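There are two complexes below, and they share chain A, which is joined by chain B in the first and by chain C in the second.
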Partner chain A sequence: MSVASAKRAAKSTTRPGGTLYRGHEGMWSWVLHRITGVAIFFFLLVHILDTAVVRISPEAYNAVISSYQNPLMGIGEIGLVGAIVFHALNGLRIIAIDYWRKGVKYQRPMFWTVIGVWVVLMAAFIPRQIIVIISEVQG
Partner chain B sequence: MTTIATPRSPYARSPRRGVNWEKAGWLYMRISGVILVVLILGHLFVNLMLGEGVKGIDFAFVAGKWASPFWQVWDVLMLWLALIHGANGMRTIVNDYATTRGMRVTLKTFIGISAVGLILLGTLVATTFDPCPQVSVDQLHLLPSFCPPQ
Partner chain C sequence: MAAATPTMPAVQAFTITLNIRRFQPEVDQEARWQSFDVEVYSTDRVLDALHKIKWEQDGTLSFRRSCAHGICGSDAMRINGRNRLACKTLIKDLDITQPIYVEAIKGLPLEKDLIVDMEPFFAAFREVKPFLIANSKPEKGKERIQSIANREIFDDTTKCILCAACTTSCPVFWTDGQYFGPAAIVAAHRFIFDSRDDAAKVRLDILNDKEGVWRCRTTFNCTDACPRGIQVTQAIAEVKQAVLRGRR
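The block that comes next holds the complex of A and B.
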């Protein structure tokens, strides 16, 4: 590299070519994928244990599952579903990047597609869940 | 004495022996991921969107689902695929962030034990489940309506 082109490269604020995980949507989708993945993993551990109580007695299972049926956990479930839906959709985006010929080229619009579909699915779930939460409060 | 390759010699991979487990894991994440999208989104839709949502979940609800082999297979498949997927993801994260060998081995041992333990527990629960167990009189009303009178 000549001195002149090296100076140009140092001044340039555009992303270097061929980076998928450095900055912008590529990086933040990776960060979100990790955070949601870890959160889902720990929920899964708890969820298998709470479901296992179904094998002990009907009374014991109903007691355990009722701890999910209050407004605080109801809001937590919105967070959980949001994490799962993002992880699922972004996972499909990752597969497209790996296997689709034009996957890397379109990774950025695919990220915003993931966000768009996420918004649509959450717009379907959140009102439903709020109705459930209100009916829990009213008993 | 170590020898270095002749300059400009073409890159050659060092010969590998046996199964490439890292590649198998990479592939597993993608294959199980696609199946889990269907299984988990279906699970969420049936349990949280239909009926009364999470408010409607109780022993009778689970018994109603697991009285059918369809949901037993669905849930056991989901259990195995999701826990192995999650444990492998956690393994990757530990490899990335745990700086000492001791810490990596410790954390991955915990991950492995919890994954194997919970897979066995969950499979046992879902396959040996009785939707109409013998219960005391005060718990009879908690059973699903299709159970024969005791």
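The block that comes next holds the complex of A and C.
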């Protein structure tokens, strides 16, 4: 096997399933909307279950909630808030695309506005959440 | 006269690598990538590179092309991850330091190499009744009159060449082949908003379906993919609005 054909054979095994479609802001906002939507669904599922524990006994409910008071869950809450904020803001963008006459035309700037507002809100939330996490660690 | 015949500056030629997703149904169980080195000019298009491969290196390479000038809509394919017409994509507009990836459009049954079965695509097109349906007859010896303003409303969607670049760029269509797809909705839009047509209601009913306009998730891949520059997502949004109103 020559060097060239070896190189060729190596190349032929790359990207077996075809290339990833290189969409722009619209496609990636949709992908993020899906991922955050599914993540929020699973959070709500767990959240309804843990809240339902209060019907067993208030003590059991308190035990479940106190088990959330650890750094790992604190970081998870950052992810949760990030997902909800993006899903909410991008949801407004989608409503604008559907109902505002110029929504389609301005979908791209609206996407970057969503990202911008998301960054601002998370920049305000994350330091505060880190303080909460630290205070939990210190007991 | 030597001074009067200046030689044209030589067009620069260079060697590029094309990675083409091959599928030969006679021998292949599944699609595989094959690499070709081909010498092209900066003025060449991806279609020219494919021709060179087929004519000079490997005659088994199969793809569709007819007019080769961006009108017939035969040679839509995925070039470097985006749906494009091979005949409208200039080599010089691509990054030739990297191999150029060429594969069939996605979401339609792959038949051979870059050829897919277009029948599901045309079936969706036919379903929206893409032809004039008029209840009244024009005045004897006269044509159906339409104002410039009324013609303008659907001007954008008359440009479609049915290449399927939009429909096969749609993530919803990849996973749900029942979805009408952007091209069929564009075709419907062209007649729904035509003042001479009387069947807007019929087409709106057809598209007010689980697999109709409401499947659109506004990813805007279709608008980006359209080689004719049709604002596809805008057209779909206008049809959605018309469905909500119950009239055009």
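Going forward, the second predicted complex is superposed on the first by the 117 of 139 C-alpha atoms of A that agree within 3 Å, B and C clash if a C-alpha of one lies under 4 Å from a C-alpha of the other, contacts with A are read in each partner's own complex, and residues count from 1 in each chain.
Basically, contacts are C-beta pairs under 8 Å (C-beta built on N, C-alpha and C of every residue); 3 or more make two chains touch, one makes a residue touch a chain.
Nothing here was measured: the structure is a model prediction, and the numbers come from that model.
Visitor: With the two structures laid over each other on chain A, which partner does A:98 touch: chain B (first), chain C (second), both, or neither?
Guide: Touch partners of A:98: chain B and chain C.
Visitor: Check whether chain B or chain C contacts more residues of chain A in the superposed model.
Guide: More residues of chain A are touched by B.
Visitor: Figure out whether A:69 sits in contact with chain B (first) or chain C (second), or with both, or with neither.
Guide: first
Visitor: Looking at the overlay, what does A:23 touch: chain B (first), chain C (second), both, or neither?
Guide: The answer is second: A:23 touches chain C but not chain B.
Visitor: Thinking of the overlay built on chain A, is A:38 touched by chain B (first), by chain C (second), by both, or by neither?
Guide: The first partner, chain B, only.
Visitor: Name the residues of chain A shared by its contacts with chain B and its contacts with chain C.
Guide: Residues 94, 98, which sit in both footprints.
Visitor: If we count contacts the way the header does, which residues on chain A are in touch with chain B in the complex?
Guide: It comes out as residues 34, 37-38, 40-41, 44-45, 48-49, 51-52, 54-55, 57-59, 61-62, 65, 68-69, 74, 77, 81, 84-85, 88, 91-92, 94-95, 98, 124-125, 128-129, 131-132, 135-136.
Visitor: Could you list, by residue number, the parts of chain C that touch chain A in their complex?
Guide: On the chain C side, the touching residues are 19, 21, 31-35, 78, 80-82, 99, 101, 103, 106, 169, 171, 217-221, 223-224, 231, 233-234, 237, 240.
Visitor: Within their complex, state which residues of chain A touch chain C.
Guide: 8, 11-16, 18-27, 29-30, 94, 97-98, 103-105, 107
Visitor: What residues on chain B touch chain A, complex-wise?
Guide: 30, 33-34, 36-37, 40-41, 44, 48-49, 52-55, 57-60, 62-63, 79, 82-83, 86-87, 89-90, 93, 114, 118, 121-122, 124-125, 128-129, 133, 135, 139, 142-143
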